[in-house]
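Below: one structure, written as structure tokens.
In this document, chain identifiers A, B, C, D, E and F correspond to the written order of the chains, with residue numbering beginning at 1 in each.
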Amino acid sequence: MKIWKDFIKGLWEENPTFRLLIGMCPVLAVTNAAINGVAMGLATLFVLVCSSTIISLIKNLIPSKVRIPCYIVVIATFVTIADLVLAAYFPDIHAVLGLFVPLIVVNCLILGRAEAFASKNTVTRSFFDALGMGLGFTWALTFLSIIREVLGMGSIFGFRVLGEWFTPFLIFVLPPGAFITLGIIVGLMNTFTRKTA
Amino acid sequence: MDKTMIVSLLSMGGMGAFFGLFLAYASKKFAIETDPRLDAINEALPGANCGACGFPGCSGLAEAIVSGNAPVDGCPVGGEEVAKKIAKIMGVEAGEAGERKVARLLCRGGKAEAVNRAEYKGVMDCRAAQAVNGGPKGCKYGCLGFGTCAEVCPFGAITMNENNLPVVDIDKCTGCGKCVEVCPRGLFILTGVSREVHVGCKSQEKGKDVKKVCSVGCIGCKICVKACPFGAMEFENNLAKVNYEKCTNCMVCVEKCPTGAIYSAFPNRKKAHITEDCVGCGACKKVCPVDAIEGEIKKLHVVNVEKCIGCSKCAERCPKDAIEMIRETEAEKAACC
Amino acid sequence: MENDKLVITSSPHIFDDDSVEKIMYGVIIALLPASIMGVYYFGLHALLLIVTCVITAVLTEALFQKARNYPVTIKDGSAVITGLLLALNLPPGLPAWMAVVGTVVAIILGKQIFGGLGHNPFNPALVGRAFLVASFPVAMTTWLSPVDATTTATPLGLMKLEGIPTDYWSLFIGKIGGTIGETSALAILIGAGYLLYKGYIDWRIPLSYIGTVAVLTTVFGRDPIFHIFAGGLMLGAFFMATDMVTTPITKKGRWIFGIGAGILVVVIRLWGGYPEGASYSILLMNGITPLLNRYTRPRVFGEVKKNA
Amino acid sequence: MEALLLFIGSVLVNNFVLARFLGICPFLGVSKKVETAFSMGIATTFVMTLSGVASWLIQNYILVPFGAERFLQYVAFILVIASLVQLVEMVIQKTSPALYQALGIFLPLITTNCAILGLALLIAIKQYSFIESIAFSFGAGAGFTLAITMMAGIREELQFADVPKPLQGAAITLIIAGLMSMAFMGFSGLIPM
Amino acid sequence: MKGSETSQMNIKTFKGGVHPPHAKFTKDKPIEKARLPEKVIIPLQQHIGAPCEPVVSVGDNIKVGQKIGEPKGFVSAPVHSSVSGKVVAIETHPHPIGSDVLSVVIESDGKDEVFEGVKPYGDLDSLTADDIKNLIRESGIVGMGGATFPTQVKLSPPPDKKIDTVIINGAECEPYLTADHRLMLEKPENIIFGLKAIMKALGVENGYIGIEDNKPDAIEKLSKLAEQENNIKVVVLRTKYPQGGEKQLIYAITGREVPSGGLPMEVGAVVQNVGTTNAIATAIKTGMPLIERVLTVTGSGVKQPKNMLVRIGTPFKEVIEQCGGFNGTPGKVIMGGPMMGLAQSSVEVPVIKGTSGILVLTKQDAKMFEPRPCIKCARCVDACPAYLLPTRLAHFSEKAMWDEAEEYNALDCIECGSCSFVCPAKIPLVQRIRLAKSQIIAKRKKK
Amino acid sequence: MRREYIRMVVVLMIISLFSGAVLAQTYKVTIPKINENALRKQEAAIIKVIPGAKSFKEVSKDGVTAFEGLDENGNKVGMAFIAKSGGFGGIITMMVGVDMEEKKLAGMTVLSHLETPGLGARIQEDWFQEQFKGKSFDDGFVVKEDVDAITGATISSTAVAKGVKDSLEKFLQVFGGEY
């Protein structure tokens, strides 16, 4: 039950993107196409789960004064792995995500979970917490990027879904579109949850 | 071992050692004394320094929490769990003696009961209105009804009712005194939560002048003074005043006041109820100011609910603690079965 | 007698008879010459765009306020100005539906989400325009010739991309490609004169704005007269950089606003990717307006002792 | 000249926050008050310039000569930046308490700000020269300062505005950022980088 | 350095301000003596400072000019009876300033007998500076320009403050009001005499009389008299509100700015209103303390607007009745001018020493406009004679940001009302700023 | 206390060592693939711009790098070089193939760019790239005259044309004499 709660909260209640608004840079930067959103989400998920688990595993060994450097090293290691693997086996996606794969290192979400949760909880709970948060992050990115791609290009995952009649609103795949779309989604979510709450 | 591995191990090991040493050295060299709570909160916070809280980093938030400028759940990253921990650190258990104080309004003259002498226009704020020729209200002591108290209450404990009078939600009120401070007519007092009888009028005018402007004002008839079985009602400046030392919440005055200037939460009125533990000593019967207790010596005594005014004299007196004070509604139930 | 109570209010007890409505309707009147010239040059489609934008603006504002359960304040005329100015900032051949999109964005994202009139940090009409430019760059940079309704380039476009100048007289009366409202400097000046006479706009911003452009273009060896009359500078300087809501409240702030906007226009025109920078220059300066207000507070009377 | 263009470019055209999406968290989080935002900007600029220099040195004198730039880069950069920030913090604290009061509290916050690491990586990727790296880093910091101060100015003004409830806070901030970013598009094409 | 010739040339003024419609209907109406009231209500506090204590009791028979209230503090002024008759009550009574004030109610016996102690103080030359100050105090003279600050206190600056200029405030910049104007026309000698007395009391060489250029007749009359004095000059001021504001007036005439938060004496100036000056002259010449004053009864809500000489303590109602009564149902009754005057909730309140006018507006004219959001047009900023940012201050006040309001110099606001007047959005700026000021002061006191 | 510090150093060092080892291992596994990907990409581009080429060889002269396209028999069938130019959003890199005998362009493809999607990004579309094929070395490469521009993206179009022209000149200066 507890584990289930750890897992589920990241998906909605404490969704890192729409609720906590942390780790925003990749959220805004790579969501101009659905495929990028998914890929970034999964890459982050991978790093988050791995590093949370490992950190939870070794939490008792680490003296508190050097914990942040230790966490960073662990995280950076997994990020580098993700980066190398993407470059080797998914070169196209790697090219698009570019700078933002290494920036997972400094994604507040990861270090935040490491500190707030993994360093204080059991391995299993940390794993599920990270999984929930990671999936929450992934769906948020996917959702955002689908909206932006549909509006901005008329397509989803590169397939044209809206007919010729539709003139794409280029702005949605440009930087301003990222901010505005996310702003509106967050606003709508507030309206929605306020009413139900 | 190939070259990549060697390079990697050497450089990483070296860096690890270097920074370890560096931090160890630094932590020793630059150790600074701080508020222990600060450290504790810093410890509890995620340490991600993401800035999502609006403060410059986790230590910024910690400082703000310690100095009272941020709520304990100020960290969005840490969520509920961290909030709980911090609450614990900050939660200096309310150790002081005495009961919780809450705000009470000393005016009952809303739109329906009190007249206005002029029509006010302008900033809808009691303090501002007060400064315009003393405000529009006929009674110069009464509530102006612009709700400045409701606006400033940091806990949302005050709402303005239909009748333009503020209503204090006793459960939400923390007794912070903001409303007391802000009301230009000084209509709030802080009293213990158990105090239930209040004079809802501050007018020092003579009775007839009060009547002219308000139908629920204190007209100085002194009926309450006579009615109070405990001598808890006093008079000062043409105005009834509850002596909270003596008042037993019997609410007789409330019943008797011809204008309704005295108020209390009537459903909260208590009644005495005598339990099986009664040994029939008759002590209660003697102290009851309204002769509401019946019964013979050595027999179980009974309370006449109709007569009982809930002053709890009997309960105080009972050597066996056999008398409970119960809310009126419950008392009726208890009496019938 | 109950109703005959005296009214008490704080002083003062008399008021100037100008009101927000009067000012707004004054601006609408001042925009008429430019609108009429636009329709004269570009024909019925221009009229259609103007009407569409104004109606959309008013409707959007009314609906949004209804949805928020707020009193509907479309009568104050500010939505009309936003619609009208947006229309005047559109290429005459733009599909009407795009104009509708731009207007909705202008009113909602540019104004209403901040709480409506008076609260918006950015000029709503320019928000609408910038949104359209970013969304439909091609349609927003397709210009019609007032002479034969074929596609043409604006004087600034001709200058920037092909180095061809345009003669002053055409620039002045507006026989050039461009947005509906920007072409005729003459019509704009008539409207601006009216506004200045009525005291609805402060002369500091237009003067410093246009002045800066004149000085800088001269310094960089360009033709200042050409740069003043070409493009949206005049329309921007008199009607958009003067929107009081989005410009500084201090006099010093207004000087800086104008000069800053002037510099930005020249930078964008001479070195940027776009041939014209008036709208962006105003939007950017809108962004720092709160800072200008903050740091150009006037000296309070008696703050510096003047006498010995 | 290159360096100057690079500087202007990184302030205006490719503004770190508004065009490159780096450092969004502090941009959203620490932009409530102008003073704080500006201090944050200055502190960031300072750290950016320093870490730009440091990472250039690491990249060109350690990682590349050892052939380790492909797989130790991230770990190395982040460790170096983290310790650098800590060092700076301690030095300032020792030498100038006044400066520490103003900037100190912001320094740890900056460590895990992706703008800084992003900057280090960009310098490595673009293979800027030493001078260019400095210009680029300084410009990026200045751009960040500009954006966050502007945002703070607007948000302070918004205290008096009647923003619909659900939009208050993050949502409206994001939308303002969008509008700012739209305004900054005016600079696009100014200096190709 | 004679006469006003040169100063006529360059009309002086200050920066900022507004141009409300003059509406000076009564400027050609000579001052009319009001009927002797049957009953007067004389508040024991008619000035800034400590209230007086009654020195008579109910039932006492008293005469005109007899002292009925004795001041308690230094910053205070005595109160005298304005009629002869019997004290019928000493009780709290509504006061035009707002709160209820202890007042002496006297029923007139209609005889209007003058108190024995009232006799001329003699020649100006025979009086020393201290004599003048004392007689001003004894006569209960306070500033009649509105602020009702005890005049003798103003004339006793601390020794380290060197006063070199006295200015008589004849600007009368408030629309509608003409009391000062008429006084200057009808009693010009008194003004000059009073000014000389003030100058003597302060030992000052330079005296100025500042008059707005919409009163050419008064300028002419006083200039002529001033020509005979070698240290008095009439200065012509541009007609602009609030030209009569003390700090604005000093700036216009001397070019000195009273420091923010400071008093006029810090720039060596003392400003007195025309009415005050006249009261001083009357006191010296006749010995009669301040028991009556000139005021303008005007506005769309009275039938016959007039300038009247009214006994202190006369209820507003009686004064208005003598002007033909109300013209329809009154909407607003204001003590003072339309820009700074105080709206009254009742016409039972008495005329006090600071009542420069009674302005009655019809329901129609009293209409208030719904405030709209501020469009940041900055008209208020341009109008503010204190160079403040009224819109900003009002916003701070609305959000209870008192510290910010203080930092933005809310306390420098002179409450002139220019900002509210010009605001196209009809925002009650002054009221908001006033609230902020009171909160700031309250907070300072707490510290 | 002292032990505490030693522990700090040791733990951080051990974790770093672990990290180093893991990374080195991952690197060794992935790097051949990564290099191959890069090579493939380049090869594909060169093959695309030099008709008939099946592989390539890198040649360098006077600090200028170019590629020789080789057919299946290893015969040189043309040359290619990389061109760069500043576009609307950033640097555009292109691979340009030349037919040295005919003195004309054999093909052109855009390798990377930062132009606006849907606008400047259309320089990657075939029709745009194809039009460079067969252009003579002496062509003016003037947009809207010699080269068709993309609607609304004149700047990007010009950048490509100019990049091709400038690099071609540089290339010819070095390698032009060989034939």
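The rule is simple: a residue touches a chain if its C-beta (ideal position, glycine included) is under 8 Å from a C-beta of that chain, and two chains touch if they have at least 3 such contacts.
Predicted model only: the values in this text are computed from it and were never measured.
The fewest steps needed to get from subunit B to subunit F, moving only between touching chains, is 1.
When chain centres are defined as mean Cα coordinates, B lies farthest from subunit C.
Inter-chain contacts peak for the pair C-E, counting C-beta pairs in contact.
Inter-chain centre distance (subunit B to subunit E, centres taken as mean C-alpha positions): 47 Å.
Separating the centre of subunit A from that of subunit C, both taken as means of CA atoms, is a distance of 41 Å. We define each chain's centre as the mean of its Cα atoms; on that basis subunit A and subunit E are separated by 70 Å. Residue positions of subunit F touching 2 or more other chains: 8, 11-12, 15-16, 19-20, 23-24, 26-27, 31, 34, 88, 116, 119, 155.
The multi-chain contact residues of subunit E, meaning those touching 2 or more other chains, are 342-346, 368, 373, 428, 431, 434.
Multi-chain contact residues of subunit A (touching two or more other chains) are listed as 21-22, 65-66, 68-69, 73, 76-77, 80, 84, 108, 111, 170-171, 174, 176-177, 180. Chain contacts in this assembly follow no simple pattern; the graph is neither a line, a ring, a star nor complete. Every pair of chains meeting the contact definition is listed here: A-B, A-C, A-D, A-F, B-C, B-D, B-E, B-F, C-D, C-E, C-F, D-E, D-F.
Against subunit D, the residues of subunit C that register as touching in their complex are 68, 109-110, 113-116, 119, 121-122, 127, 130-131, 133-134, 264, 267-268, 271-274, 277, 279-281, 283-284, 286-291, 293-294. Of all residues in subunit D, only 159-160, 162 touch subunit E in the complex they form. By the touch criterion given at the top, residues 18-25, 28, 70-75, 78-79, 82-83, 112-114, 116-118, 121-122, 125, 164-167, 170-175, 177-179, 181-182, 185 of subunit D touch subunit A in their complex.
Of all residues in subunit B, those touching subunit F in their complex are 2, 4-5, 7-9, 11-13, 15-17, 19-21, 23-24, 27-28. Contact residues of subunit A toward subunit F in the complex are 32, 58, 61-63, 65-66, 69-70, 73-74, 76-77, 80-81, 84-85, 87-89, 91, 152-153, 168, 170, 173-174.
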